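The data blocks that follow each hold one structure.
Here come two complexes built around chain A, the first alongside chain B, the second alongside chain C.
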Partner chain A sequence: MEVHAERDGGALIAQAAGRIDGSNAREFESALRATLSKQDSALILDMQSLSYISSAGLRVILMVAKMLQRRGGKFMVCSLSESIDEVFEISGFNRIIPTHATRSEALAALGE
Partner chain B sequence: MSRKLSLEIDPRVEELSAITAAVEQFGDAEKWPPDMVFQINLVIEELGLNIMTHGKSEDLEKIEITLTAEGESLTIEIVDNGHPFDPTREAPEPDLDVGLRERAIGGLGIHIVRNLVDNLRYRRQGGRNHVTLVKERVR
Partner chain C sequence: MGTNNLDLTNRPCKILVVDDEPDLEPLMLQRMRRAIRSGRYTFVFARNGVEALERLNEEQDIDMVLSDINMPQMDGLTLLQQIPKVDPNIRSVIISAYGDMKNIRTAMNRGAFDFVTKPLDFKDLRITIERTVQHMMEWREALASRDKLVALQNELNVANQMQQSILPSQFPKGSDYEVSASMEAARNVGGDFYDVIHLHEGRVGLAIADVSDKGVPAALFMMSSRTLLKGAAIGTLDPGRVLGEVNNLLDEDNDAAMFVTLLYAVYNPATGSLTYANGGHNAPLVVHADGRSSLLPLTHGIALGVIPDLDFLENTVVLSPGDTVIFYTDGVTEAMDDDGEEFGTERLFEIFADGPPKDSEEANNAVFKAVRDFVGDTPQSDDITCMVLYRKESDR
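What follows is the complex of A and B.
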C-alpha cells in the first residue's frame, strides 16, 4: 500500500495504491493524516490504483470523512474499481461520501 | 469432481497476505473473474479478523480455512477454537440510513460478508466454531 499526494488548485489529492487490509490499515491512516495539513479543506481520495480494500480500510476512510466534515471541509472519492464500488454500496458509503467516476469529475464537483 | 484448498494460519493479521496469495492462485486455476477473487479474499479476511479480535481467547491457536470448488459453487469452511461466535446472529446490522455525522465507525465486516455470500451457516462443535459459506460463481 502506498499513498501519493499532490495538490490541484485548492484540493489535496491522495492517490492510494495497492491493497488496504487489516495488516496495513493503520499505515494507511497515518499516511493520509500525514499528507493532510490543517489548511486543507478539500481532500479527494483517488482509488485508481487501489486493487483491494476491506472493512479495516473503510474504517479509516469513514474517520477521515468525519474529520473533514467537522472542520467544514470536503471529502470525496474517485476512480473506484467495480469490486470496490460494490463494497462501497454494500457499506452504504455511497450515500454519505460523494463518489465520482474520475478525478476530473471530482475536481469539477469541488469547483461547483 | 471437487477441488480443494486447505490453509492453516496463526491468528495474526500478518498471516492474511499468505491467504491472499493462495486464494489468488486457486482462483487462477479455477478461472475465476477478478471480482470473484476480490470477494473471496474479502470474506475470508473479514471472518478471519473477526476471529482474531472478537473471538480471541488464550486457547485460540490456529484458524483453518478450506475452500472447496464444485461446479459453479464454492464452499468455504472456517474453523477456529476461539470463543463461541455466531456471525449469522451475533453481529448487529449497521445503520446505513443515517448521515455521515451520525454514522458509527466499525461494524461493517460481518455485514459485508452477509451481502457477498449466498449462504452463511454456523455451528459450534467439539469446542470449535465452524462457519460455512457458499458462494455461487460471479460472472
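What follows is the complex of A and C.
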C-alpha cells in the first residue's frame, strides 16, 4: 500500500495504490493524516491504482470523511475499480461518500 | 524481574564491586572518575559475598557485578550462584589471579559473563565493562520486544476468545427447517459473528455480521453490536426497525468510526417467509430446490454505526421446501488464492451448480471446502463465516 499526494488548485488529491486490509489500515490512516494539513478543506481520494480495500480500510475513509465534515470541508473518492465500486455499493458507503468516475469529474464537482 | 529501569541510555550503569581489599574502592573511583563524572557509571562496593547479596537486595537497580574470588564469609564463586536468584539479568565479571585457569573455568561455568586478572589493568577493565554493558543493553532490548510481542499476542487472544464466546453452538434442527453455521477465524483478525435468536410466534431471527477493524476495540464493538441486536430483536418482528435501533445506539460515542455490516432476517417456519433488512452486508445466496440460484435483492442499507437516524428497507421472500439460504461474510467472496484472485460470487454459485444441498450441514461444509480448495496454502487474511438456513421438504 502506498499513498501519494498532490495538489490541484485548492484541492488535495491523495492517490492510494495496492491493497488496504486489516494488516495495513493503520499505516493508511497515518499516511492520509500526514498528507492532510489543517488548512486543507477538500480531499479527493483517487483509487485508480487501488486493487483491494477491506472494511478496516473503509473505516479509515469514514474517519477522514467525518473529520473533514466537522471542519466544514469536502471529501470525495474517484476512479473506483469494479470490485471496489461493488464494496462501496454493498456497504452503502456510496450513499454517504460522493463517488466520481474520474478525477476530473471529482474536481469539477468540487468547483460547483 | 521488572521491566522498569531497563533503559540504560537514560541513566548511569550501576556496578557492584566486590573485593575484600579495602584499597580497591578509592582506586576504582579514581581510575573511573571520568566515566563517573560523565554519568556513564556509578559504583557501589561490598567486602564479601554476603555483603554483596545485601547490596543487591537493597538496591534493585544494580546492572552488573565485578567480583573477586577469594574473600571471607562468602567467596566469589558461591556469590555467582546466588546472583541469578536475585535477578537473572545481572551480568557478572570475575577478578581472578593471573593464570588461575581452574577458578576461571569454574566461574565461567557458573555463568560469569567475562573475567579480568590481577593486577588490574584498568584499560582492559574499561573495555570489559563496556562490552558487558553493551551486551546487557542488547539483551534487555530483546526482552522488551519479547514482552511487547507477548502483550500483542495476548490482546489478539482476548479478542479471539471474545469472538468465540458470543457465537451460538446450538442450532435449530426442527422438523420443518434447520440452521448450520461456522466461522474460521483468521489468525490476526476478529470481526465476524452470527447469531440465532428465538422469537415469539415460533419465528427465528438470523443475523450475520462483520465488524470493521481488528483487535480488542473491534471485539468490544462486536460484543455491543451483538448485545444491542439481541435486545432490539426481542421487541419486534420487523428487521428494519431492529437495524434502525441498533444503528442509532452504535452511532453514539463512536469516535473511532467503527462500523458493522449486519444482515438481519426473521424467518417464519410455518409459511417459509423470510423478511430481511440489510445494513451494508453481502447479499445472501438462495439455492432453490429446483437447482436455480440467485442472490437476495439488496435493500440498499448502510453499514451500522456510520450515521444515525437511518431507515432500513425490508424485503420478503418465501422459501419453498428444499430451498437453502446461504448467508456469508466477505471473507468467503474475498478469499484470495496465490495469484491474488478473489473467490468471488461466481464461484459461490458454482458450488451448487450440480444440484441443491440435502441439508444445512452439507451446504455449510460445501462452502468451506470450495473456499479451502480455491485458496490452497495462501494464508487466510480475514474471518470466513457462513450460516445456512434450509427449509426441509415437507412432511416426509
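By our rule, the second predicted complex is superposed on the first by the 112 of 112 C-alpha atoms of A that agree within 3 Å, B and C clash if a C-alpha of one lies under 4 Å from a C-alpha of the other, contacts with A are read in each partner's own complex, and residues count from 1 in each chain.
The working rule: contacts are C-beta pairs under 8 Å (C-beta built on N, C-alpha and C of every residue); 3 or more make two chains touch, one makes a residue touch a chain.
Since we're looking at a predicted model, the values are computed, not measured.
Engineer: Based on the superposed arrangement, let me know which partner A:48 touches: chain B (first), chain C (second), both, or neither?
Structural biologist: Neither partner.
Engineer: Scan A:83 for contacts with chain B and chain C and give back first, second, both or neither.
Structural biologist: A:83: touches chain B and chain C.
Engineer: Touch check for A:92: first (chain B), second (chain C), both, or neither?
Structural biologist: In the superposed model, A:92 contacts both chain B and chain C.
Engineer: Just checking: does A:30 make contact with chain B only, chain C only, both, or neither of them? Give me first, second, both or neither.
Structural biologist: A:30 sits against neither chain B nor chain C.
Engineer: Could you say whether A:102 touches chain B, chain C, both of them, or neither, answering first, second, both or neither?
Structural biologist: In the superposition, A:102 touches no partner, neither chain B nor chain C.
Engineer: Going by the contact rule set out at the top, does A:22 touch chain B (first), chain C (second), both, or neither?
Structural biologist: A:22 sits against chain B and chain C alike.
Engineer: Of the two partner chains, chain B (first) and chain C (second), which one does A:63 touch, if any: first, second, both, or neither?
Structural biologist: Both: A:63 reaches chain B and chain C.
Engineer: Counting contacts the way the document defines them, which residues of chain A are shared by the two interfaces, the one with chain B and the one with chain C?
Structural biologist: 21-23, 51-52, 54-56, 58-59, 62-63, 66, 83, 87, 90-92, 95-96
Engineer: For a test of understanding, state which residues of chain B touch chain A in their complex under the given definition.
Structural biologist: The contact residues of chain B facing chain A are 13-14, 16-17, 20, 34-35, 38-39, 41-42, 45-46, 49, 94, 96-97, 99-101, 103, 105-106, 108-109, 111-112, 115-116.
Engineer: Where on chain C is chain A touching in the complex?
Structural biologist: Per the stated touch rule, the residues are 188-189, 191, 210-214, 256-259, 261, 279-283, 298, 300-303, 306-307, 330, 334, 340, 342, 381-382.
Engineer: Tell me, which parts of chain A touch chain B in their complex?
Structural biologist: Against chain B, the touching part of chain A is residues 19, 21-23, 51-52, 54-56, 58-59, 62-63, 65-66, 69, 82-83, 86-87, 90-92, 95-97.
Engineer: Show which residues of chain A lie in contact with chain C when the two form their complex.
Structural biologist: 21-23, 25, 51-52, 54-56, 58-60, 62-63, 66, 83, 87, 89-93, 95-96
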